[in-house]
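One chain, chain A, appears in both complexes that follow, with chain B as partner in the first and chain C in the second.
So, the complex of A and B:
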């Protein structure tokens, strides 16, 4: 970090001692997992910098935005319509939920067998470790699973009433669509109320273009990973996707585009981050919030390449572009709602579209196998894994089902499973 | 040429030495707290020209001796196939892992399932329960009632099952009957893994727990199939590693 942010953190009620510990662990992990990689693109330097300033410069920027009376909206889910937040000059931030911190604190409020992601967002807040949560004016939750739904009730008390929950329908029919359109309208009203502004058509257009541009940049990155050998590691691509949730969207898009220009050159030369012929793995399942790099680190450490993420931190976040040809705010909000209904989260039933997405991605990215990742106790994805396996078995695509959390205690078993899977898909790993 | 295969497991390190593709030596030592020194002792005398390591501790040799490694899943498949040429399904119960593996006609692994992080249904479970009932692990399987005496253990977790066993002891249940229930609970655990695979003959049982006759007969009864166990079921993974070394 370039400067001393102690005063800023202190003002945000951060537990300075514990926070120093967290940053030290994060920095070590980053060194071991990221900076030790070979042949990284130059363009990753920006993202290394963003991570090194994850609780520093970016928080300072957000505090500056707050001085300009802009509202900070914290989110946990890709269903939260960012266009509406930006149209009202808000700052949209994906909150900290990817590390095993403050579990003991969290377990005072929620059961032990709750998924790691829920435990983490509770833990980050309770242990005073997430400056982002502290800067928020509103935290938007959503009813994507029972665990989150009930945890948000408790989180509302813990954060002094900052929670606002959007109801995500469970089925994709007409009733679901109507419910969701109404939810998006209700959200727009809520934001208008807290910002004291009305959504203007011009601003909504502009916001839609900003978010679409970011989606297109991430789509371009995804496309570049389909080349053999991939010009970028799965770890680096995962990081970029994680950063997309809290960086300034315009700057982020520019930086991803610059990186993609560099990757274009690599692809033209036929050069990549690893040698040709190593197994190509598509990861599918629960989201991996920063700094959850565990699975990618094991897979790539075992000599394979992760070429895609069918995940909310991945394709589900950028796969669908918004139809931004609208001529009134009402029409815009409906189109925005409809765009988000096209995300195929396992909270829906049935959700066969997700199976098609996995198959399409496997084909497009030339994946040799799928590793299905579910956070332990993440029932929707744990269950959908069985359907996914069947669908992939039918196509003859090798499939490995993993359930894990943020701890390191199962590293041995996971390595054995993943290496055995890589041996199985026939290209050999360690020998 | 001497070729070695070493399987660094959680409880024992197993070492196989081949000469001209013939198995000339097998040793088994407790892993203990310093597996590197145990490996050193095993390798010292034989000095193999080629070596492949497998098992939970394989990285130790990879890091310190630059030894090639394969997973115990691949190793056990190669080792079982070598002694049972028609092997199609393998149950391997070791100290801390339980694995079930499917092979194709060529002996390639086509599917596998493995227990999660905890010791439920593994050798460690058996070891702790034998101790709780006052048996040596080696003879535990001989002290098992032939039939279920109506006891069912509800818990597969080693810690909870131990409390359950203690409460059965204090109720005055015969230890042979409790022993039956414990073996049965391991078999149930493995059955749930097996059901996710397509079970085909020959079905091979490997790993330290395959020395337990009670487990073998329970599998046969539940599966209504013959279960094949090698005279020395400890050595398949190490043997597989050595065979892999030979071909590489």
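So, the complex of A and C:
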């Protein structure tokens, strides 16, 4: 880090000793998993820097924004309409949920059999390890799964009433769409109330362009991974997607675009991060919050390339572009609501669109196989994996189903299963 | 059983050998858990008979109904509006989901980490052990939890497209209520389509009276358990509640009423099934489908009395009386929808009404403590247990949180924990 943030963290009620430990572990992991990679693009230096300052410079920026009376909105889901937050000068931040910290504390409030992501956001807060959550004025939850839906009730008490929960319907029928549109309208009103501002058309259009530009930059990055060999590792691409949830969106978009220019050159040269002909894997399933790099590290450490993420930290975040350029705020809010309703989350029943997405991505990214990733106890994705397998089997695309948490205990077992899967793909044998 | 049903079961594609085994286990368990109880009311003989004929006489009745072209509607949840089914001469049946059968088969379609109830309904079908499901014309699911919501998609394929899923919202706001009302209207239209009939006002009023009468009989039974000593065991009362899901509703109501007359006499005499002064326990949480008697057997086997079930197989099934006597079918459908929306299921967020229900029941039934029961991996109730504990702690009411499945492996451990809990209640010590 560029400087000493102890005073800042102390002011945010961070547990300094435990936090030092966390940063040391993170730094070691980053060194081993990221910096040890060969032939990385120059443009990754920015993202390396962002990670090295993950709880430092970015927090400082957010505190500066707060001094300008801008509101900080924490989120856990790609369903939260960021355009509305930005239109009201808010800062939108995906909160810490990707590491096994504070589990013992969390298990006083939620069951042991809770998914690692939920346990982590509880644990980060309870152990005093997430400076982001300390800066928030509002934390926006959503009813995407039983675990989050019920955990938010408890988290509201833990955070002193900061939670605001948006209802996402269970089906995509007309009534569900109406319900969701009204939820987005209510959310806009809530944000207007806490910011003391009204949404202006110009600002909403501007915010929509900012978020769309980020989506387009991430789509460009995704498309570059379709080349063989891929000009960037799956690990690096995953990191960029993770950083998209808390970096300043305009700066982030510029940096991703610069990186993509560099990757364009690599593609023209026919050069990549790895040699041609290695197995190309599409990862699909539960989100991977930073610093959850476990699966990608195993896959790429086993000599394959991850070429895409059909995931909320991935395609589900940037795949759908908003139809922007509104002529009224009302039109904007409705179009924003409708845009988010097109995210194919396993929270919906049925959700066959997701199966089409996986097939489309596999084709577009020239994937040789799918590794379906579900966080243990993530019921929607754990169950949908069975339907996904059937759909992929029907197309003759190899498919491996993984359930795991954030611990390192099953690393050996996962590596064995993934290596066997890659070997079979290499031999052209169906799994 | 009164006669040989082999031919009937064979016609229903039941796996005869495995089914004989299941009935033998069930009969043994019933002998050990139920028939060994002392001082049971005479009126329980009817329910003993019903259980002895659980896959026999009742199935025969249903097949007779089918000959009269009545449709058989299978359900898994107290949210399915039975009044509408009965108004169209349908037979409404809660499907088999209470025993650990067919797990190996089920785990080919759903994850191991799935709640026992879901695994059971899959397993019963896959192993060919549920004659009820074989008789159904339609199986009605609902979006009450991630596990069921996603498992129904797979179950639809397994049952050859018999599933019809009703959307239950995640919140009880105005939009959610509108969505649900429309769902109930759609369900009515669906039933009209498969029965080829239109709902008549007179029939809807009649059906509503039939279901309300059953609710009132079960409420009367519940109230009788508030006396000390209780005139009926918790096990017997649980059984009656379980039977309410598949017995003919008019006959069932008459038999419960007869039993209650007998219990009235016991109360007048001051006599009960057990001695006065033993700990009185309210069980709260996940539903207990027949033959899931595990928790009650342990509690009552440890010298306490279960005096109520804050459960779908219990109070959540009969606690709310429908405002009946409609002047139009439309009015009826809306009132029916609104009645079901008042069930305080953990699928809603927030669901503080349930905490009030537990406190009210504890008071009304003079409970000395609450045992909160969640089926393992039943996320909504597992998580809500933490809020329930806090609410009960605040009132100084002892509270024990249990998570278990249908297996007998943890019987010893549960017994130890429950005995310790009862001992502390006996000593007046807070747990």
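Descriptive notes on the structure:
We take it that the second predicted complex is superposed on the first by the 426 of 431 C-alpha atoms of A that agree within 3 Å, B and C clash if a C-alpha of one lies under 4 Å from a C-alpha of the other, contacts with A are read in each partner's own complex, and residues count from 1 in each chain.
Criterion: a residue touches a chain if its C-beta (ideal position, glycine included) is under 8 Å from a C-beta of that chain, and two chains touch if they have at least 3 such contacts.
These numbers were taken from a predicted model, which means no experiment stands behind them.
Judged by the touch definition given at the top, the superposed model places A:343 against neither chain B nor chain C. Once the two complexes are laid over each other on the shared chain, residue contacts for A:149 go to chain C alone; chain B is not touched. With both complexes placed on chain A, chain A has more residues touched by C than by the other of chain B and chain C.
Using the contact criterion defined above for the overlaid structures, shared-chain residue A:403 touches chain B and also reaches chain C. In the overlay built on the shared chain, the residue A:211 is in contact with neither chain B nor chain C. Of the two partner chains, neither chain B nor chain C is touched by A:92.
Residues 403 of chain A contact both chain B in one complex and chain C in the other.
Contact residues on chain C toward chain A in their complex (touch as defined above): 109-111, 113-114, 143, 145-147, 149-154, 165, 167-171, 173, 175-176, 178-179, 182-183, 346-347, 349-350, 376-377, 379-380, 382-387, 403. Taken together, the chain B residues at the contact with chain A in this complex read 52, 56, 62, 68-74, 97, 108-112, 114-117, 244, 248.
Listed in rising order, the residues of chain A touching chain B in the complex are 403, 409-410, 412-413, 416-417, 419-420, 423-424, 426, 430-431.
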